[in-house]
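In what comes next, chain A is part of two complexes: it sits with chain B in the first one and with chain C in the second one.
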Partner chain A sequence: MALPQSLRTSVTPLELELIASEHLIEIVPLITMEKTAFISGAYGPLRPPAKCRIPLWMATNLKLKKKCHIVPPEWLSVDFLQEQLTRETSRPEFSRLPFRFAEIAKVILDVASDDVQNADKIKSLLKDLREARQAKSRDGLQKLDHSELSLPNLCSMEINEIRPFFIQSMGILTQLVREPSAE
Partner chain B sequence: MDNDYFSIDAILAENQKIQCTFKVDIPDMGHLAGGSDRDIKSLTKAPIPIWLAYIMLFSDWADFTIPSPFGTRVRNALKAEPRSVKLSNLVGAGGLWYGFGKLVMDILSEDQANGISEVLTKAFKGRLLEVIDQAQHFAALGPAGGGGPSTDSAQSFREGLDGTERELFALAQESAKRMKRWHEGNDKARR
Partner chain C sequence: MASTSKAISNLAHQQGQTCIAFSRDGKIAYTGGLDTLVRIWHTNQGEDQEPEAAYEADEGITAVAAAEGCWLSGGHDSDVRKYLPGKAQFDGLVTSAAGASIRCLAVDPSGKRVAVASDELSVKIVDLDEITNVVVLEGGHKKRIRKTTWHPSGTILTTSSSDGTIVAWNISDTEAKVENVIDGVIPEVVDPESPEFMHDCSAVWHPSGQYFFAASRTHEIVAISRSTWTKTSSLSDPNIVGATTALVLSANGLYLASACKQEILVWSVQTKRVLWRHPGTPNAFTIQIAFSPTENLLAWTDTEGVLSRWRDAIPAGSPDPVRQTAASGAQGTTTKRKPTPPLWGEEPDADAEGVDQYGDDWIIDDLGDGMEDEPEGAKATRAGDGFVKEMVSITKAQPAFQPGSTPMENKKRYLAYNMVGAIDVTDQDTHHIVNVEFHDRSTRKGYHFTDHFKYDLGSLGERGALFACPPELDHPAHVIYKPYGTWSTQGDWTYVLPNGQRVLGLAAGGEKPMRSLRDPSSSGGDIQGQGNIVIATSSGDLTFLSGSGMERIVIGVEGEYVTMAAAEEYVLVVHRPGATTIDGSQSLVATLISFEDFQVLQEKPLPIPKGHTLRWIGTTEEGAPAIYDSAGYIHLMIHHRRPNRAAWARLMDTNLLERKQGKDESYWPVGLSQDTFMCLILKGRQEHPGFPRPLIQELPVRLPFRNQDPVDSLIEERIARERIHVNLARDALGDELTSPDIDKREVELDKQLIKLIQASCKADKAPRVIELVKRLHFTNSIAAASQLAGFYRLIGLQEKIEAIKLWRENNATPAEEAREGRRGFTYEDAPLVRPKPFQNFNPPPKVDRPGLARSTGIAEQTEFTASSVAIRAGRSRAPQASDSRSTSPEGKRKRGDNDDDLSSNAFDVETKRQAVGESDAVVPSPKPSAYIVIQSVRA
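Up next is the complex of A and B:
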């Protein structure tokens, strides 16, 4: 089965979101449910008001039916993100962030912004963080070499964004540079 | 743009002509030089495409000089400011300057090939950042926009892009557009 040209270059953001939705998060359920077996594993039992860890896809589903409240993970808070932002802007390397933070943050902010404190502030912090890291990957582009390029601590969404043209540029550079040394 | 026999980019790049000086007489091939002569005498100059020139140089039937798209004038301009050179002017619209340079490099001797490879890589790296920046800027505008806000120099840079750079531009613009669409979409209905 051949993929259309536009999908061949990289994974789409929606697909990354789907993969990230497998991540477990905590919820406060509003309904009762026995321990149920799903394809990815058995989750539950849900006994309100005790917290429970379930996959993100299930949490979004319940939340949209108003059957739970989502507890945002510790890194999705104003303090943590502010600290990361200052670290990001003061150092030339990328700071450590959960690998799929962009997707998880977007999903949670979309469906459960009322469960998150200071949702607007968090949104703007995430945006600033994203822009700071994008600026750094632009600088990394300057150091582009034909053989290797190391950008540690990049997160899944960012990798996906830069993958197509980084690989193509490195390919072109390989052909332009390697030729004389092969003589 | 490989040495792959089937690569369309390589075929297009090979279509460029270079100036060759024939060393031997070739009877009945005057039409190649575009003139009305019946034969080609030795020491005639004629432009021939690279795919033909390669064999002639290998069999030592002709000599050639470094073609003008890689001459001193272009090299100095690139050294001064890589982004201001219009590569598409040098090889015709839709041309492949980098591909052409690679083929020339293959034919040349070691030192000259190193020189050309340096010129090519420096030019590529210098222009790459500008290509990406413009691509991301254009991803932000909708399909209808794109004429107004760009300044003159940005527009002329885009017109001067070589074929390979255009592909990179399209790739970067596509991924930036996808990201933007995803970030701003909020399909609660879909969930």
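Up next is the complex of A and C:
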């Protein structure tokens, strides 16, 4: 691979988005389609106005062709995010959020911001959440020792962010600690 | 546009300001003028009467009013005088305004108090029985007051001032206070000598008390809502320009009369259009109009001092201006029927409570604001007043409605909202914009159009959209059908009703399209036809039309029509054959009429609890009729394909929904499928969905079973629900035994049953196990159950299960029994023309006993044997027999027919082959002899 060293150690956010695209999401279809087999599984049938659960990649595709409305997940609402943000800022631990919330929220807000109520408000809330959580994960890294780092409820995008630094420093710490015990 | 009847006029007073008022019983009209006289006219006498006159006033009369037991006059001499009713006999002074001219007198709805507006900045409310009892409303106005009016409840007084403000006073308490000041509506007229000062600027309250009308400074007539004190709608006509000089509403609030430029205009309050016109006196403008409170009579006075009386201003055939009629109810106006007051004193008995408890939240009105019942206070006063009375109305009869429609709110409404799509209407004052949208955009294409007829009924079918408009003066009622799938409007057709008839309801049915309607191929698109249309008209009939506009039949409706919904092969009509009952039941009946041959498939009263009303009717995805009522129950008509054997199964009780607990929300149904209830969720006290179109929510359907066992009851409920739908699907099969889909579902059902059996085996409940085993559909499943019993070492039970299995193997399967049942229904229905006993020479009817029937082998080798002749004959008979039995109305029959055709074709092939074989067998026999002959000749 011709990628520089810094990038080779972790996946890119785009790749994470791709992985998150397999996540199932609810849509209101605007077209009829029989149950159809894809490599990842069989989805459908689409029968408007009944809702249907299909993978995010398919929902994105249909949405871009104006063939469905995406029903935003429950956690992608102003009320929920506001509550999480207050919890995030008032308590030391990470609040519970879906593992791939950042990726899914980004995809949905990119392609279907018209289906989300208060999309702008949600965007700013997500940004605040991200900043609050980033600060926490930086703090958490200080607690790093040679054997473990426990950060419950850390999400995929955040793990990915600290991964390059984390792996290297963990390696160094392990070396530092091992020597005395070897003697 | 002018009405046929002509007004009669009398010169009553000298030129200048005049005024008019009707007595409470409508028999007498009092007119006053600048000549200081008040003349007393008998409305039943013609032009040649010599009216009595009251001479007491010193200066010109500016206001007259009629109260209970007296009439009043006031004028520039600043005295308000009281006279005996119907006579010019002076009865005393009521009040005096200390040198200021009296401008307006308004008697409250009970007829006991009079509000006096004068050039002073205050309004006096004088008790007519005790004239020292005076309330003075002060501090609301900075300029002289021109007009004052009462709210129908008698608790609000509105005063219009010459500075262009309208002040609403709340006088329900002892202390009167200003409730609101409305500025900028009525024109500002400062000079009391200018002709504009005589124009009517009063706030004319609608009898419903929800809004009032006023002539605005922009020369419109605006309606102002009581709740928000803002303008909600306006009455205007492009042909009418100029200021409105007088304004009045009819006693029941259906019509509004206004005067503009020497012309009297009568408007419909609902449609906001001018219905009739009448010319006024030339070179004069009308100052005051009055509707008679008891008769169809309109009277007005003008600046020439002429009194004009227009008898039958509302032509016969239109709703009466006084009475509340059923027609006005069907049209969507309020039916202000009040429950009769309790007969014995104040004690409300239990029944009256029961009737009252559903209040006014059930009226399905089309007009939006102003449709609520009057406040309690108004009821009592009006009932005792000799105004409008409803003699017998113990339970309010639910008016006709279209399922899925909403009233006009904020100039928008839905005409239809169902599983196909939605029709919404935007009111643009002079016209409507109709927008048709579909859930499935691939099959049908949404569109919108400008509507000059103001369609007020709509139905969205599988094959086309149907609209109907009410009759107006220049056009009768008509129905327009717009089938889908055509790019142009060529497919549209219009069905015009004769004059005087109106459309009460519409339904458009049709088969669900299998593929896009725009598909040009021969198998797709419109080859399946354009559906079926049913129109309910005010002449008490249902008119059936084909999708291309051909009239098929007119069927009479027993009683009042309420609503209807069309499915693929039938129409579900809800009507009220009798009257509502005293104890609160609507007594509605649902009738299922097939499109094929107009057979009545079912006639079944609706299971609506007392005191509740029908909210929605429709059909499920699978084609079964369903209803939703205001009690929150969903009922499904099971066995609807079996003639006269239907029952209403309670499919769901929305009050028990988990999400409803602790929340104030209601559900507005859109559709129903096997496992989900599609609805819009309305928050709080909301009655109808608003705009933009909310998302359809899916709620799981749960039978309202009461067992609360966490595991078993869930499975039991699921089995029972699935059973209902399997039975419905099976009823649709006709002569076929089963279908792959049903088989699959039955296998699933058996799996669930086995789970229950296992749980029961574990708990050692043998009777329950046996009962469950009997419900299994397949012998394989019974074998599995037997193994289960063995596993739990219940040997006795296992033997019993084996016995059941054996019995099942020897007897007909449940599927076969069900088919026999279906055959039986058609048999039972058929012999309507049975010959008399002892005159029947026909052979006895064939009894079909599948258990005794000879087994029908499919053995090729037996085809040519002699013993198989009977079988062959029997088999070729079978398809014919099945055809004769096919009275089942559903569309799915077609597939059955095809199959039968296939099978009969197969038999044809066989018989052909057989014929060939026979000819082979027979022909050779003469041939050899011929050869022999020839050979013998040669020899």
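To be clear about the criterion, the second predicted complex is superposed on the first by the 176 of 183 C-alpha atoms of A that agree within 3 Å, B and C clash if a C-alpha of one lies under 4 Å from a C-alpha of the other, contacts with A are read in each partner's own complex, and residues count from 1 in each chain.
We adopt the following convention: a residue touches a chain if its C-beta (ideal position, glycine included) is under 8 Å from a C-beta of that chain, and two chains touch if they have at least 3 such contacts.
Remember, it's a predicted structure, so these values are computed and weren't measured experimentally.
For A:162, using the defined touch cut-off, is the partner it touches chain B, chain C, both, or neither? Pick first, second, both or neither.
first
Between chain B (first) and chain C (second), which does A:142 come into contact with in this model arrangement: first, second, both, or neither?
The answer is first: A:142 touches chain B but not chain C.
Report for A:48: first if it touches chain B alone, second if chain C alone, otherwise both or neither.
second
Who touches more of chain A, chain B or chain C?
The larger set of chain A residues in touch belongs to B.
For A:10 in the superposed arrangement: first (chain B), second (chain C), both or neither?
first
Would you sort A:60 into first (chain B), second (chain C), both or neither based on which partner it touches?
first
Once the structures are superposed on A, label A:87 by its partner contacts, choosing first (chain B), second (chain C), both or neither.
The answer is neither, since A:87 touches no partner chain.
If I apply the document's touch criterion, which positions on chain A are contacted by chain B in one structure and by chain C in the other?
On chain A, no residue contacts both chain B in one structure and chain C in the other.
In the complex, go through chain A and note every residue touching chain C.
These residues of chain A touch chain C: 28-32, 47-51, 67, 69, 71.
Quick check: in the complex, which residue numbers of chain B touch chain A?
Touch residues, chain B against chain A: 1-2, 98, 101-102, 105-106, 110, 113-114, 117, 120-121, 124-125, 128-129, 132-133, 135, 164, 167-168, 171-172, 174-176, 178-179, 181-183, 186, 188, 191.
Spell out the part of chain A that touches chain B in their complex, as residue ranges.
Touch residues, chain A against chain B: 6, 9-10, 12-14, 17, 60-61, 64, 106, 110-111, 138, 141-142, 144, 157, 160-165, 168-169, 172-173, 175-177, 179-180, 183.
Chain A touches which residues of chain C in the complex?
Touch list, chain C to chain A: 419, 438-443, 670-671, 673, 676, 678, 695-696, 698.
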